[in-house]
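Next, two complexes with chain A in common: one pairs it with chain B, the other with chain C.
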Partner chain A sequence: MKRFFLFLSFSALLLQADSYVLIANKDLKLTNISRLYLKQIYLKKHRYFRDVKLIPVNLDVQDAARKSFEKEILKMSRNRLREFWIMQHYEGVRPPLVMHSSKSMIKFVAKIKGALGYIPEKNFSSQENVKIIYRWSD
Partner chain B sequence: MKKIFLLFICLLTIVSAKEYELGEGYQLGDTPLYVGGYFSLDYASYSKGDLQKVSLNDMALLSYGSYHKFSYMAEMEFKNYYVKTYDNGKTTTTKDTKLYAERLYADYTANENFMARFGKYNSNVGYWNLTPINVLRDTTSSPVTARVVFPKYTTGIDLQYHLFTQSEVSVNITLQDNNSLDEAYNNFYIKKHFGLGLEYSYDNLSVKLNGGYFHKKNHTQAYVDNYYGYLSFLYDNDTIKVMGGLGHRDDNREDAVKLSTYLQATYEIASHHYPVLRLEHYNAQIDIENGIKKDTSAVFGYTYRPVYPVAFKVEYQVHSNKALDKFLTSFSVMF
Partner chain C sequence: MQKKLLTAFLIVGLVPFAIVYLYLIFYAHDKITQNILSREFENIQSVISTAQNRLLRADKELQFLSKLDVVDDVVVGDIDERLARLLLQKKKDMHAQLEFVVIDPSFNYVTSSAEHNLQGRYKYLHALQAAVKKKQNFFMQGHNLIFYTKLYASFNHKFLGYMLLEYNLNNLANLTAKGKNIYGYFLNEKSHYIVGEHKQSHLLLQGREGSLITKKNLIVYKRLHSHFLKGWYYVNVIKKEKALDFLYDFINFMSLMLPIAVLLIVLVSFVSAKKIIRPLQKLTESVLDITHKKDYKHSIHLDVKDEIAKLSDAFNELLATTDTALEKLETENKLRLKRFIELISIFNAIIQTKSETECIELSIEKIQDLTDDKPIYFEKKKSEGAQIYVTNFEKNTKECYGTLLFDKEDFSENELRFYTSIATMISLQLERIRLINATTQASRAKSAFISNMSHELRTPLNAIIGFTQYLITYEKLKQEQMEIIGNIENSASYLLEMINGILDIAKIEAGKMELHYETVDIKELLFNVVSMLTPLAEQKNLTISLDMQRCKEESIFTDPYFVKQIIINLLSNAIKFTEKGGVEIRLETLDTKELQLSISDTGIGIEAEDVEKLFQDFAQLDHKIQKKYKGTGLGLSLSKKLAKLLQGDLLIQSEGIEKGSRAILILPI
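Take a look at the complex of A and B:
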C-alpha cells in the first residue's frame, strides 16, 4: 500500500512539472542542440550559426520560464549571471534582449531569422513561423 | 583638465539615465552604441622603510558597439592620474594627465568559426590578461606572471578560429609587425609580436596554451628577440573561482624569466564576501622588483562587493624576500 501511495505521489509530482521549449525561427537551420551548446548561445560565446547572427532572447527576470532556464540550462545563479554580464560589458558584449510575454517572444522569433527564445510548452502554437529545437522541464 | 571635465560630463550623463544599471554601461539613445567606464583608488603600505602610496588609478571610459558583422571597442584611460608617495617623511606627488588608448580595435566576425580583430587589444594570452582592471579582478594587485612573460597589449591583428560542439576549441594567431599604439602604456616596448594560442573549454573549465615571439626594446634601446610559453587555466562556478598560469620567457641572453607562476582561488563565503588566496613564485635573471630576481609569496585578500561593480578590497602579501611584504587596499567602481 505504501508503495502505491509513493507511486501516486511521484506521478502527481511529474504531472505538476512545468515543461518548456526553446523555439527558433523556422528558417534557421538549427535543429536538435545540446544543453551546453544552448548555454554557449545564451552567454553569447557562440554568436553565429554558420553565417547567421544568433539573437538569444530572455523573458522577464521574474518569469518562471526564465528562472527554470537559468537553473536547468545555464545552471548559473542570478548573481553569477549578473557578474558574468558585467565582465562582458568590459568585453563589449551585451546581455540578451528581453521580451515581456510568450506571445511577444513567439512574434519576435517568428519574424527574425537568427532569433531564439524559450516559452512554456503550453503556450507554443505550431501555426507560427517557429519550431521547437529543445525541450526541458523543472 | 578639459579631458577630466569631459569624462565627468559623460559620467553624469550615464548615472542620470533612467534605465541605467550600474556596471552594465549605458546605451546611447536607440543606437547600437554603449558607453561605460571604471576607476580605482588604491593605497599601498610597504614593510620596507616607511613607504606609503595613494593613487587614483585606472580612470577609464569605454565605448563600444556593433553593426552587422562589425563591432568596435575604444577604451581611453588615465593611468596613475594622481599618485602621492610618503617615503620616510618625504612627500612627493606625481600626475600623469595623458589620456592613453588602452584598447582600440574593430572586430569582423565572418561566421560561427572565424573572427578577426584589428587594432590595439589585450594580448590573447592566459586569462588574467583578458580582464586586467582592478574592479573586475579579485585582488588589488596582479600576479607578477601577468607582466613579465608576454606583452600585455598587441597592436596588430588577432585571427580566431572557434569550433563548437559539446565543448569549444579555439585557435588564435596574433600578428604585430609595426609600432605599438601608446607603447609607453605597455609592459614592454615592442615592434613585433607573433603568437599562437590554443584553448579548450568545457562548461566551467577552460585551459589555454600560448606560445610566441616578440621583439622587445632592452635597456640599451636595441630590439631583442624574445620567446615565451604560457600555460593557464580557469575554473569558475557559482561559488568558487580558481585560476592559474605558468610561463617562461627567454631571449637567449641575460634577460630571461626561467619560471613565473601563480595559482589563485576565490571563494564566495557569503553573499557579497570573497576571500582570496594567491600563491606565486618566480625565478628570473632580471630584476623583477626592487632588485629581486627570485621570490615566493602568498597573497591573502578579501573583497567586499555591496553590488558586483563596486569593490572594496584589502590584501596582505607575504614574500620570501621580506622587503616585498606589503598591504594594499582599494576602492573601485565599474559603471
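Take a look at the complex of A and C:
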C-alpha cells in the first residue's frame, strides 16, 4: 500500500509541471538577470560580475533539472553543447563544475561567493546562505 | 699400439675427471659463492627497483587524484561522497594496504577511503605539520609512509586542504625473497624498522652495497636510493648450507665415485683398447700368414663392421688384385719363356744350317711359326724391311745380302727389335757359312796341292833311292865314294819318309784318307811290331817288356795298317829318346769298353807344358837334349790324327825332363 502511494505521488510529480530556481550566493549583488545573460554565464561568455568571478555549477548530466536548464535556458541540444565545449576546450575554457545533488549544490553556492547553480524549486529552503535570482519551469 | 691406445683412453677419461674433481674441491666453493652473491645483487637490485617504483607510483596516483575536478567537492564536505567513492575505488585498484585521506585546511577529516567515517582532527597532524614545514611531501608514521599533497579548487585555485596517501610499508614485504634457503627484508638502520621476514641478529650495514659471509649465511645488502626511503637497506640472507648444498653433495658424490669411476675408466679403456686392437691383430696375423704362405687366394674375414672392416675389405681387394697380377705375370712369364725357348730353337736351327738358301728358308719358316703373322718374304735386294748385312771378307766391307719383308706396316718397337735381331742372327749365320765354306775350300786346295806335290816329289825320289841302292851294290867303288852314296841314300830315304808323312796328313785333312776296317788280332799285331823293333832296342842295350795279360780282347774291328803305323811310331819314338833303361809296353782292356795301349820309357821326358806342342805339325821341341834327335816332326801329329780317325785317341804323359814319358793309345773295340 505504501509503495502504491509512493508510485501515485511520483506519477503526480511527473504530471505536474516542474519548476526550477537558479540560486546564487547571497553576497553576490546579482538580481533579476535575463535568460540570455544566464546563458552567457553558463557558456562562460560572462566570467565576472563586477570583481567577482562567476562560477556556474551544473548538476549531473542525467539530472532532469540540467536537462530542463539546457532546454529552456541554454536552448541548445546536447550535441551542440558537446561540440561547443570541445571547441572551447581548445581555447582553454572548461565547462561549468558539476555537483551531484541539490544538497551539495546549495552547500557549494552558499560557500563560494561567485557561485551560481540551479535546483528544483521544491528542494530549496530559504534559510540557506543563498538567494534565487531566476526561475523557470518546463 | 694397444698400450698407446690404452694410455690415450686413460688420459681422455681420467684427466677431465681429475680436473673436475680438483676444481670442485679447490675452486668451486668460492666460485659458486661469488656467483650466488653476484646473482643476489641482481635480485636485490630488482626488488629495490620494484619497491621504489611502487612508492613512486603511489605518489603519482596521489598527485593525479589531487588534480581532478572532483576535489572541488571538498568545498561542500563531499556530501555527495563522490570523492570518497573515487578514493575507495582507487584504493581497491592499487591492491595494497593503504588509505587515502582528505583533510581541510584546519586539518579536519573531510573524507577518506576508509570503511568507517573518520571525524575530527587528522591523527598524524603533527607529523604532517612537521613535513609541511620541512617542505617534504612525505613523512613516516609507524608502518606507514605517508605522501601528501595540497588541494586547490579548480575554479578559483584557493587552498582546499590536503590529500594524503598512507602507504603501509608492509606492502613491500611481498617483494622480499622468501624461500626455504633464502629470505629478505627491508631495514631502516636508524629506526630498526623492518619489513619482511627477519631472523638475523643485528648487522652492521655500510656503504651503498655490500656482502657478508658468516658461518651459516651469505648476506647481500644494498641501500635504497629513493628519497622516500632514505637510510633504508634491502637485505637478502641466503643459508650457506642450503645454497651450497648441491656443491657439497656433489663433492661427496664425486669423492665416493672416485675409486669406482677410476676403476670403470680403466676397465672400459682396457676393454675398448683391446676391442679396437683385436681385429687389427687378427688382420695382421692373417696378413703375415698370407705373406708367409704366399697364398694370395686366401681372403680375410673379420667379425666387425667398422673402419677396420673397410681396411680388411680393402686388403682383400689388394690381395685379389695381387693374385690376379701374379697370375698374369706368371702367364706372361711362361709365354716369354716359351718365346725365348722358341727363339733359342730358331737360333739353334739357324746355326745348324749349312747353306745360305737353307738358312734363309729355315729362318722364314721358323719366324712364321713363331709369330703366326702374315707371310714373310725374302727379297735379294735392299728395300724396306729387316735388312740382312753380310761381311765381305776380301774387301772387309758390309754388303746388303737381302731384306726380310713383312706384310705388316705398324711395328711396335719390340717387334722391330725382335726382327732386327733375327736379321742380325741370319747375317751372322750367313757369314759363318761363308767363312766355313771359304776355309774348307782353302784347306782342300792346300791339301790337294800338298798331295799332288808329294806325289810329284816321290817319283824322282824313288828313282834316286833305287839308283843309290844299285850303286851301293856296285863293288868297284872306293870306300869314300861308298860313304857319299850311303849319305845320299839316307837323305833320300829321310826325304821320302817326310813326304809320305806330309802326304798322309794332307790326305787326312783333305778327308781323302780311306780306312779299310777288318777284324784284327790286336795281340798278334802288337807282338809283330815289338819283334820288328826289338833289334833297334838291342842296339842301344835297352830292355823291352811286353805285358798283354790284362787284355781280354782277342780281336778288334779296325784298320790294321794305321794301327800298326801308330804303334811303330810310338815305340820307335820311345826307343829313339831313351839312352838307358828300357821300354815297357802294356795292353789292357778298360772298363769303358776300350783298349788301352801304353808305352812307357825311361827316356828324356818332356815338360808338362810342352806336351800339347808335340801334336802340332812339324813340331820338334826346342830343347838342347831333344835337339840332337833328328826327325820330321810329323810323327806324333800324324799318329794323333790317325787315332782320331780311328775314333780313338792318343795322349802323352811325362813328369818332366829326364823322368821318362808315357804314350797312351786308346782304341775302340
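Definition applied: the second predicted complex is superposed on the first by the 123 of 138 C-alpha atoms of A that agree within 3 Å, B and C clash if a C-alpha of one lies under 4 Å from a C-alpha of the other, contacts with A are read in each partner's own complex, and residues count from 1 in each chain.
One rule holds in what follows: a residue touches a chain if its C-beta (ideal position, glycine included) is under 8 Å from a C-beta of that chain, and two chains touch if they have at least 3 such contacts.
As the structure is a prediction and not an experimental result, all values here were calculated from the model.
Novice: Of the partners chain B and chain C, which touch A:86 in the superposed model: first, second, both, neither?
Specialist: first
Novice: Does chain C touch more residues of chain A than chain B does, or is it the other way round?
Specialist: B
Novice: With both complexes overlaid on chain A, does A:72 touch chain B (first), chain C (second), both or neither?
Specialist: A:72 contacts neither chain B nor chain C.
Novice: Mind working out whether A:37 is in touch with chain B, chain C, both or neither, as first, second, both or neither?
Specialist: In the superposed model, A:37 contacts chain B only, not chain C.
Novice: Answer with first, second, both or neither: which of chain B and chain C does A:111 touch in the superposed model?
Specialist: In the superposed model, A:111 contacts chain C only, not chain B.
Novice: Look at A:18 in the shared chain and tell me whether it touches chain B only, chain C only, both, or neither; answer first, second, both or neither.
Specialist: Neither partner.
Novice: Considering only touches as defined above, state whether A:100 meets chain B (first), chain C (second), both or neither.
Specialist: second
Novice: What is the contact status of A:55 with respect to chain B (first) and chain C (second): first, second, both, or neither?
Specialist: A:55: touches chain C, not chain B.
Novice: Give me the intersection of chain A's contacts with chain B and its contacts with chain C, in residue numbers.
Specialist: Common interface on chain A, chain B vs chain C: 53, 94.
Novice: Could you pull out which chain A residues touch chain C in their complex?
Specialist: 53, 55, 94, 97-101, 103-104, 107-108, 111-112, 114
Novice: Help me check something: in the complex, which residues belonging to chain A touch chain B?
Specialist: Interface residues on the chain A side: 34, 36-37, 39-40, 45-51, 53, 76-77, 79-80, 82-83, 85-87, 89-92, 94-95.
Novice: Any idea which chain B residues touch chain A in the complex?
Specialist: So the residues of chain B touching chain A come out as 23-25, 34, 36, 38, 62, 64-66, 68-69, 71-73, 109-112, 130-131, 133, 136, 162, 164-168, 202-203, 237-238, 271, 308-309, 334.
Novice: Mind listing the chain C positions that touch chain A in their complex?
Specialist: 69, 72-73, 75-77, 79-80, 82, 154-156
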